[in-house]
């Protein structure tokens, strides 16, 4: 009985999640896609590291952290440009995006430095 | 600080206030700079203490050879014969800062010597630090508190002690970096701007470059984040302030050679990763909560929590396994001694031997932060009044730094800015309350005008104060800041109902008296700070002075000795001394040393400690095996210089005994007492340190009276067989001995032996130690 | 320009001046054989009774200066410069030297690298004994004791007290005693001495036989003699750490014409040698002591990277390097290549990390090559060569070894390519995302 309610709840949950998500604007969806891409890449690298060992540790670190960093920054951007988020009403999305670009530049510069 | 009020007057006043606060900040900067110049004025423009000499030497190398050579610098003049990879073991922030400063000045055709730049780096950065404190406090509690805090920080004795001109040490720039990083964090937290988060990471990078104390930041900020989450204050601004900092900060920290993979491998940093994971989970929860209906959310919670717990458990298990697999649980000795104050004295004598790693005494709190100690609790209360993210951070900062400073004297330095910020808040709040009380009780003023009246009154007060002597700068500051505070209040007043304001009104007389007392308190603080800066903390310790009835005595023995070494010994000669003097010897005498103040190799230091506590012959053998040519000891017995080698000797014994068990501390103590008089143990009297310190000492006054220990020495007449005295400075503070070469011939039986023991002659010759 | 030139000239003159004293000293590293020798005698009669020995020295080019031991004009040193390169003390009974010379003076003479022949005798003075003792040789404390050997004595016409002994227990060293074997025993009459076995600098050249003992021949033996058997040394040499050489003999007669000339028949042996071994023994020994033999020098200590020629100021870990040194031996008139197969070099930092035997090209050049160990620090090339009879060679040269520079590590490791790929794809992703995002808006 409990099991069936949970599964039903889960179904309902997924349904409502899906419907709620469907209503998000496209630009947010693009960001989500981007985040997913980064996270998946990071996971692949961790698995690879588990297989071949952690020898070029700096490369591994920069590889994974570049993905995590990208994801985190994208999430930050998503938070800022989200219209429903009332905290950032006075922050124009253009400004948010400029900050995002700056942040990414720093990130990738560091990654390039650390990779070799 | 935009508070729309009555349009015209408010904008005017705002502009005026801005200009005034900039002007005040400028004054604070000048104050912070100039209060640290006592050492230059009273002594001369020299580098102080021990570590700064190393930094100075590194900076010279940097300016001469450029950054890449510096990065790859393998120094063969220290830690002979191991050498030291300077580039990979030094925090480069300070050196790079001074080097860049020097380069900029030179390209502007201002030809200053590297030494001058080094000497003045610390005062310059303390000015920056007080500005950073202004910014931070402004974020926490507004402009008035900021100005007060900046003024307080500009002359807090604890910070002065580390940043007088010539004290060219990491802390000098690190405190600025620390405060500025905190400011940027708070700023990012308050605005939720990615831009500030990036700046924050870069500032954190600078801090990592500068000082090992960066671990304080990387632990304090996660603690604050965690606190916010637990108390339900999570916001997406928190996420933006924190998550990029962790990723970028970790990456940047790994770029600093001395930190390297430690940034991800040691336990000091794990807290940040754990909180990083937590904040993601929390962010996800909040996001889902945002897009779902409350009812569905409940369902989701049950699901997510059950799954999340499993995931969290797994992650935790992995983390714990990683931590437990390393021998010290991944913590470095210094961090461990922070968490467990008794750790160092139990296991690592080398950390415990440094006086600045000892717990402070109560008087040192009063000496170093003075009246701030009483204002801090008030500041904490003020922070709770409207508790914001920023003020909760300030509270957390002060609480942790109080704990750390209680463990190590050195970390008093971390406490000082926190105390200044808190006191700044407390003072400005207090002034705010009192002036408001006065304002509301001024007769014949309408509801609206008191603000203006009070304001003009304050301005007038300012003018009065301005005419006072400039050294009473604090008096000016609080009163000026009143005006700021006023505005601040006004700012808040738009939110707080007027009636509430009325409730907090105090009697007029009480307010006036309280203000007067506060000003007095501030004046007292200023007097104390100036005294501390002028008298207590300006001595360069390389040049000593003493005052006696017949005037001022200058003891310049150290430079005399190093100068002697520089001019009278071969370039490749090795000089052994206790590690305290290693940096100075390499920097000032340019000779190779066996150990120095960068105590990275315990065994090597223990070897030197063993040699110092061994009898002459064994010591000679140890030193000879290290190719040592000269042995340098510091001896204060003639002039009463207390921090000499005899007083440090027990640490040498302890450190030596920690590695070489044949050195036993009880052998050097008579009934548990350390003494060098006739009651001293034979082991003590025969140790090399005793002999080198007191050799020929009896010739000075005929009795051999040691003015540090206040006793007559135990063994007065003795000869050295394996060492010869080559140089003793004017006041006997530094004595340099040379190792005698092995004897050219091996002697047979001496005549004495022959005449004494002609009847029972052993087939062998008299045992000669020289073999 | 002129102002610059002047100090240069001055410097040059100063340099010349400072070289001047060196030119006047004949004992120099380049020419180690002694030239001027001071001979101190008890009695000028010794000059004729030991003339063969002195003549042989003079004929080899030595400049002998005979003085009575108590001559008040004796001076070995003037203005800090030694006037002599060698000292022969044939004055066993002197209690104090004349002039400025004393015990300290003799020892300083030795410690500044000069050579000494010391001959004692029965009832030698305390002064002579102290000189010997300072060099590590202990004469029998009984001043009247002589070495007596009832089985190894030299047969002579009159049956004596067996104090003239025929010793043939030489040290086996071609360097000290020459390459020709000394066939005839050496006649010895005098006091014996003992050495500390731990003393590595002294060496027994001629030992008594196992039946010898040291006692006063005139008195009856009351308790067992303290010095017996082959522990008694008759003639010893010392090579001090600064390579000063000393001969200490318990017999002055050893050098005398009488014993040089006399035939020798060892008791118990029927063969009678026409001539004792004394002359050969003493001559060869004097050649050694005055550095006509057994003096080595090492020059041109060099090291460089394999393939390079210059001497770097610092090596990197795991570098391959070549090391070479030239060793020559002095023959009394010229330097000739020294040939041996046991010269070793250490690459040393607190303990030898590399120990290699050097191979020689028979022309004096010794060389080897090895890989620098994977440890950084300040290393030393050390050549320690101590062989019996030869002067010791002890060379060291300091060289730091540094770790890899930051750009000397391996780059572009194959296993790391996925990481590189990920990083670059992130960058590419960032660009694409930016474009898409901006375009979408």
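Note that the chains take the letters A, B and C in the order they are written out, and that residue 1 is the start of every chain.
What we mean here is this: contacts are C-beta pairs under 8 Å (C-beta built on N, C-alpha and C of every residue); 3 or more make two chains touch, one makes a residue touch a chain.
Here is each chain with its UniProt name: B = dolichyl-diphosphooligosaccharide--protein glycotransferase.
Since we're looking at a predicted model, the values are computed, not measured.
> Need the central chain here, defined by C-alpha centroid distance to the all-chain C-alpha centroid.
B
> If you tally the C-beta contacts, which comes out ahead, B-C or A-C?
B-C
> What whole-Å value do you get for the distance between chain A and chain B if each is reduced to the mean of its CA atoms?
Distance between chain centres: 39 Å.
> Between chain B and chain C, what is the separation of their C-alpha centroids in Å?
That pair's centroid distance is 57 Å.
> How many angstrom lie between the CA centroids of chain A and chain C, rounded to a whole number?
About 79 Å, centre to centre.
> At least two other chains touched by the same residue of chain C: list those residues.
none
> Which positions in chain B are in touch with at least two other chains?
Correct list: empty.
> Going through chain A residue by residue, note those that touch at least 2 other chains and give them in order.
Within chain A, the residues that touch at least two other chains are 62, 111.
> Using the touch definition from the top, list the residues of chain A that touch chain B in their complex.
6, 9-10, 12-13, 16-17, 20-21, 24, 57-58, 61-62, 65, 68-69, 72-73, 75-77, 79-80, 84-85, 87-88, 91, 96, 98-100, 102-103, 106-107, 110-111, 113-114
> Along chain C, where are the residues that touch chain B in the complex?
Answer in residue numbers: 107, 110-111, 126, 130, 132-138, 141, 194-202, 226, 231, 238, 240-242, 244, 314, 349-350, 376-380, 398, 400-403, 405-406.
> Could you please specify the touching residues of chain A with respect to chain C in the complex?
Where chain A meets chain C, its residues are 26-27, 30-31, 34, 37-38, 41-42, 44-45, 48, 52-53, 55-56, 59-60, 62-64, 66-67, 70, 74, 93, 97, 101, 104, 108, 111-112, 115-116.
> Report the residues of chain B in contact with chain C in the complex, numbered from low to high.
68, 71-72, 74, 76, 80-83, 85, 87, 257, 572, 592, 625-626, 742-751, 754, 758, 761, 763-765, 771
> For chain C, which residues count as touching chain A in their complex?
Going by the criterion above, the answer is residues 411-413, 415-416, 418-420, 422-423, 425-427, 429-430, 433-434, 436-438, 440-441.
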